[in-house]
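Two complexes, one shared chain (chain A), two partners (chain B, chain C).
This part shows the complex of A and B:
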């Protein structure tokens, strides 16, 4: 085994996962403390029923007025996010790594499916990039960081795709794939990618306010 | 950037904003921004700013954006970018000119109607964020002149329109006398302790719409309700301080309103057809005062009329014949889900109800609420230009037969009058109370 490979799959992976899970926990704890200290009413307004009701509507493609208003965006964003989460978790190679390391195994996807999902993620990233440039209302609120975040998300998929198909420089692509995946994991808690954690909470809060106080629907 | 020549706004000079701007230094601005963003604000501000992925999906929610041919500067998220994001990015080191523009955006380019909260996939509350900007503007003394005058009135005399303590009972007695021409036994009971209902109104009613008090008294009398109105301050349920970011005054006048009802030992408060006042007592002011829900039940006129009509306390002699359409005010529809009741009331009193689209929770704002109309004449044309979609929506309802527009909210009412006039729609705008007064049975009259 190449020493660099050993290093990135060993210590670096540990660091990445610790920072990822630790970071998410830290952000969550920080949020709860802030609510407790400054806006404790949020706790009393939060409603499991109305929060979940709102989340489920927004988790359903075309389940809300705005999803129906933007059909292409809706299809792309749902496909993108589903593949983004499912492909890495259920990739056979990843599952094997975990099984070898810890004896933990879980069902995995056939490679051809995971490959297709990777292409969906890459196509979605291109769509988001083009949308950022082409749509005036998106371009107006776009900054460099938005492009960087998109690149950060796309990188592990692009490099993974190249490595899997052994298009060129297999070893280096594999290392790039692992490192970019680790960078992405670490970035999630500390950038706007934290919407992975916060979006369900903000949606639940708005759903709770609409359902519990305003007796209206928010979709 | 798509910036049409038309939307290249003419510079509007507001004496309130200018007077505040004149004495400002960047150090002072930074200190106030720090106070609000780091001191007063909490989890919501932080999470909303950290979570927004700048996707622009909120854009189509906003009537300003739609009315300005999708000019990106009017998109809800763009308003946050042009205000809070910059303040945060520059750690509060922004110029006086920047604050001038921020005051204009927060006060005259957003009605806080919360339609965008229903379009953001994450449910980010941009109306709240605009209120945070208004809070900063308030602490810098840059609030637009007209609405600031209203807030001053709240602070000084506990009502919105500088109604003096003697003018208030005087107006009620004047309306009682007028109404007794129609129903000789009618009373407007003042200070009646232990009544079932305290009826509260907003400042403009005694100031220049006293006939609305007349109508309400007639409805109360015909329904045989045990009601009262306070003769003291605390009668005004409105709250423009809520919209200027003057939270201290907002809380004080809300407390006064509830304490007046408590002093009269009423079972509940019924309020007239006003939207923002409802928001202030039902959602915002109570929270500031630490009450999850109002300490004394408070219902909007729509709910009250619904109750009177369904219980048969008032009967319809002959339904209103002219076809009507209903405008759904943000504060009682997105704010309290009263759109179903509003339709039931409309169908109970009108022969033909024509829907306008989009409707219910998705209705377009009147562009007057959220304190925007209260910023006064300097901003009137901007407000009308900013709501072309409403004119289109109303014109469509008119083509399908509607001749009367029911708007159960004072701000909507006034704003829609301006839209109606400017776009020559020729609709007759009414409150529910106007129609109920007209069609109900009046035994003894």
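This part shows the complex of A and C:
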């Protein structure tokens, strides 16, 4: 297992992080070029104040009319996204590997907390899956790629959960966990998961237009 | 009454025997983690004598090292001490690795260098 583990935690990890950060930079540059070519006038009313005001409202659970109209969706999506980001970043085993590799460590969560957050992510993924199937208005705009993306997001958490609890095939499960995490990282810039980068930008754009042009609020 | 006393004595001897031999290195199965305030993982599997036979380690100080002023002291060994006698649970300013880092450094780092032995979290921290 040494060569395989060395390969996935070494070169593959480097490739994944370079493509992830490089891909995000590329998408940002691409977006700016597109705006310059098609709608350069939006820079005339982009506002830091109105943009940030809108982002903050939408970052607050039940902070907008739309969040209040869909309370279940609001709770699930906030829990899902917070756990999705916090669990892997503040997982002790992940922080440990970074410290061993680069000597930089950061505080981490107790394993039981991270374990609970992983279960929240998996439950959230099931919720979104069922929602896509049973809600007609959602099913109407759903294609195969939506299911694939959901599976891509859930995979590192499912394999990480099985590996952590050593339920079966521990070594292969850990390799599957690492590789699925790398696939997810690389997929973020080049799929609709890029909303991780674009959501605050589009929200800032809408906030600026509503605040500075229409003199209305967008939440 | 006599059989009862005999049984009691036998049980007492059994308990005494098992507790003393549990502490002997030849029966060591795991690295005890009770020195940690809140251990996050099960204790690492480590069968002392079996490991050293397989790894061909004869000198105690390959693992039971002694460092003085940050320098390895070649001929001294520290098997009469607990690792936690020197390595604190949290990082200290003197550059001494914290206890968990010391364990990982001694075990995992060596396994990586030799290309042999467990290196994944759960290979050592096995759940019962």
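In this text, the second predicted complex is superposed on the first by the 218 of 219 C-alpha atoms of A that agree within 3 Å, B and C clash if a C-alpha of one lies under 4 Å from a C-alpha of the other, contacts with A are read in each partner's own complex, and residues count from 1 in each chain.
Going forward, a contact is a pair of C-beta atoms (placed from the backbone, for glycine too) under 8 Å apart; a residue touches a chain by one contact, two chains touch by 3 or more.
Note that this is a predicted model, so its numbers are computed, not measured.
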Side-by-side fit of chain B and chain C on chain A, or clash: fit
Partner chain in contact with A:110 - chain B first, chain C second, else both or neither: second
Chain B versus chain C as contact partner of A:58, first or second or both or neither: first
Chain B versus chain C as contact partner of A:174, first or second or both or neither: second
Touched partner set for A:2, first chain B, second chain C, both or neither: second
Which of chain B and chain C A:166 touches, first, second, both or neither: second
Which superposed partner A:31 touches (first chain B, second chain C, both, neither): first
Chain B versus chain C as contact partner of A:100, first or second or both or neither: second
Partner, of chain C and chain B, that touches more residues belonging to chain A: B
Overlay on shared chain A, then closest C-alpha pair between chain B and chain C (Å): 36
Residues on chain A engaged by chain B in the complex (per definition of touch): 31, 34-35, 37-39, 41-42, 44-45, 54, 58, 64-66, 69-70, 73, 135-143, 146, 149, 192, 194-195, 198-199, 201-207, 210, 213-219
List of chain C residues in touch with chain A within their complex: 38, 40-41, 101, 104, 112, 115-116, 119-123, 126-127
Chain B - residues contacting chain A, complex: 1-2, 40-44, 46-48, 50-57, 59-61, 65, 70, 72-73, 75, 77-78, 81, 117-119, 121-125, 282-283, 287, 292, 333-337, 339, 361-362
Of all residues in chain A, those that touch chain C in their complex: 1-2, 5, 92-93, 96, 99-100, 110-111, 163-166, 170-171, 174
